[in-house]
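Look for chain A in each of the two complexes below; its partner is chain B in the first and chain C in the second.
Up next, the complex of A and B:
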């Protein structure tokens, strides 16, 4: 699961490391890892708020696009931010599931030359099942929804490279589709920031 | 990542440490076969037992553990000397792993694997003779040492005399019979007691004293997760010298999450004086690392309920080799 967007303002790239954004800034991030690979983009809209878009895939077999907002709550030596996302989960194959999803995330980190990051979140899914019963009486269609829960979490470290770039590495500790056992993952990511505050 | 490291490391010293002694191990219950031969409902059931993200591509995960190479790799990780893979003909539940598939796998690892043959019973009224001939031919293949049946998976009543010809063939061939007993968690199985409770086998056992019957899973009820039918196993093993009890799967973390039933079963078998009839198996490979995990849990429970070194050795390898007429495994 994408652990973090690393936007960076022109003069102070770590100002936005932990989500949220100032008006006039934007950032993009790409992550590769096992099992999660993905990309994110974020635009600051002012007063700590940001609009963001995520796409992430687990082993290219589970796909999760999402749109949402981020907000920076605390901005001192430690920074705490939160995000609310709405999207879709699409997972074909033997354990196929597809349906809308919603996710809440919170993350914290300490600013500096090396930025440790911790994030926690919770994602709910409503996998939809379409059933078609064909009988002598005709065709009957129905739509039902199940529920699914994923608990997200991760630990990472980000390092700014100049004014517009940041590199990041970390562990994904998601518990996907509780109670299915999940194996921890790992990732590396790079972020590009731009705009002016 | 742990599995990756396990796979990259040198195989451990063979055997398992028990009370300071290293004992050889034979895992008499392993599955193989083709993913394509498994019904879709059972594929889903299997996939749900794989951890994320391996459950996203269960076919690849299954193939990596169902091949002869994959099974031997899992045996190596668990330091188990030999494994026994089962042919299965249960198209309405768990699928098909043909005799040809199993004998080919045994041939790929002749020093490590033995096989149990089986037979299709879907057209028994018209195809009995051909099926028995197929079974007999499979038993002539190198390393094919016994017969596997699963009445609940195959929809075959335990007390149906129509199938007694299988037991007669087993006796004539000197091939022990492994029978799934107790209910099964898989979709498409037949859960009625006549298919799961070995009390219904008594007539067959009594009529075929030269056939050896191994009651798989110690009659564990995998649906309700209880040991009520253990009485049937114990009763039959006490009264018939040709009855053995195998202890796979019931002690796994998914079947016995509270870790309460496995100690009850192993303690009961020991207190009933049946340790010379108990045979170890895991019901793997299931998922990478399962063989090691099940062996560790079994050894831990044996120690907990007081099995001696000799009793542990008997259960883990000697009872199997003696029953199947094989040389005792040494380390």
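Up next, the complex of A and C:
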């Protein structure tokens, strides 16, 4: 909503949909879906680079905040961008998992009135576990790390609405905790943008 | 910064190092095989009446003594055993082969020691039957 108050006719409502940003622009995006719901924000820092913050949750049982950078490789009829994110995965409960994560994504879309989007990514997780062993000799504590891999992906369609808004719908095709089977999800999202190029 | 926020939420797994002492009695002199089990673990649809912890064997009925790491997720330890009378490595068989089994439960868990007496008398029962 802050973006709507900003004075700029050249805002980029597709920047968060397609990735990357021009210096002086910023954008926010909110997504609602099953299982993935989340929000993102980014600001362009120049030469195709953007700083980005994401928060995603799967059915409010798995939480994934992350910070990172985005870069725009190609910006013509097709836009191709990449992102590198670092964050944390927090999943309480019976299948508890908590630890740092890193993710690389590539995103492509064709600009126009209707914008098809495809994204692919790979997220590595280092789940940490505290272990306590109680014996007659007392307590022994240790910290152990495992590894986890999630392959992210999605297909969507976005429609720009004026100079500052974009609506979007699509499929989430994340393969969470490979090789455990994941089911596909669906989402709707809206993006708002502001700033001057 | 994000990591610091969530580091306090790391899952913790607690184990007890338990000295299990079990006296196994039976009429025959033949090898005994068995399992140390954790009773009543999990909740709801994920409840498990008898969770495997460790295997053991004895050359004949007698006293078992071993140390096992037991996750702190149950409400009692059990020792289940059966005797291999015909030496085929299998508990009973469709051909009429009948072998004695037994189980004993201890309420000493959570704790670091459990002492049990297991009498092998009931024929051909698996550990799940003792949990009923």
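Rule of thumb we're sticking to: the second predicted complex is superposed on the first by the 181 of 197 C-alpha atoms of A that agree within 3 Å, B and C clash if a C-alpha of one lies under 4 Å from a C-alpha of the other, contacts with A are read in each partner's own complex, and residues count from 1 in each chain.
One rule holds in what follows: a contact is a pair of C-beta atoms (placed from the backbone, for glycine too) under 8 Å apart; a residue touches a chain by one contact, two chains touch by 3 or more.
Model, not experiment: these values are computed from the prediction.
Q: Under the superposition described at the top, does placing chain B and chain C together on chain A give a clash or a fit?
A: With chain A as the common anchor, chain B and chain C collide in the superposed model.
Q: Who does A:94 touch here: chain B (first), chain C (second), both, or neither?
A: both
Q: Applying the document's definition of touch, where does A:35 land relative to chain B and chain C: first, second, both, or neither?
A: After superposition on chain A, A:35 lies in contact with chain B alone.
Q: After the superposition on A, what does A:128 contact: first (chain B), second (chain C), both or neither?
A: second
Q: Of the two partner chains, chain B (first) and chain C (second), which one does A:176 touch, if any: first, second, both, or neither?
A: Only chain B is touched by A:176; chain C is not.
Q: Chain B: which of 152-160, 242-250, 260-268 or 278-286 bumps into chain C?
A: Stretch clashing with the third chain: 152-160.
Q: Of the residues on chain A, which ones does chain B touch that chain C also touches?
A: Residues 94, which sit in both footprints.
Q: For the complex, which residues does chain A have touching chain C?
A: By the definition above, chain A touches chain C via 65-67, 87-88, 90, 92, 94, 96-100, 128-136, 143.
Q: For a test of understanding, state which residues of chain A touch chain B in their complex under the given definition.
A: Those residues of chain A that touch chain B are 34-35, 58-59, 61-62, 91, 93-95, 174, 176-177, 180-186.
Q: Quick check: in the complex, which residue numbers of chain B touch chain A?
A: 1-3, 40, 43-44, 47-48, 51-59
Q: In the complex, go through chain C and note every residue touching chain A.
A: My answer: residues 2-3, 5-6, 9-17, 19, 42, 46, 69, 72, 110, 112-113.
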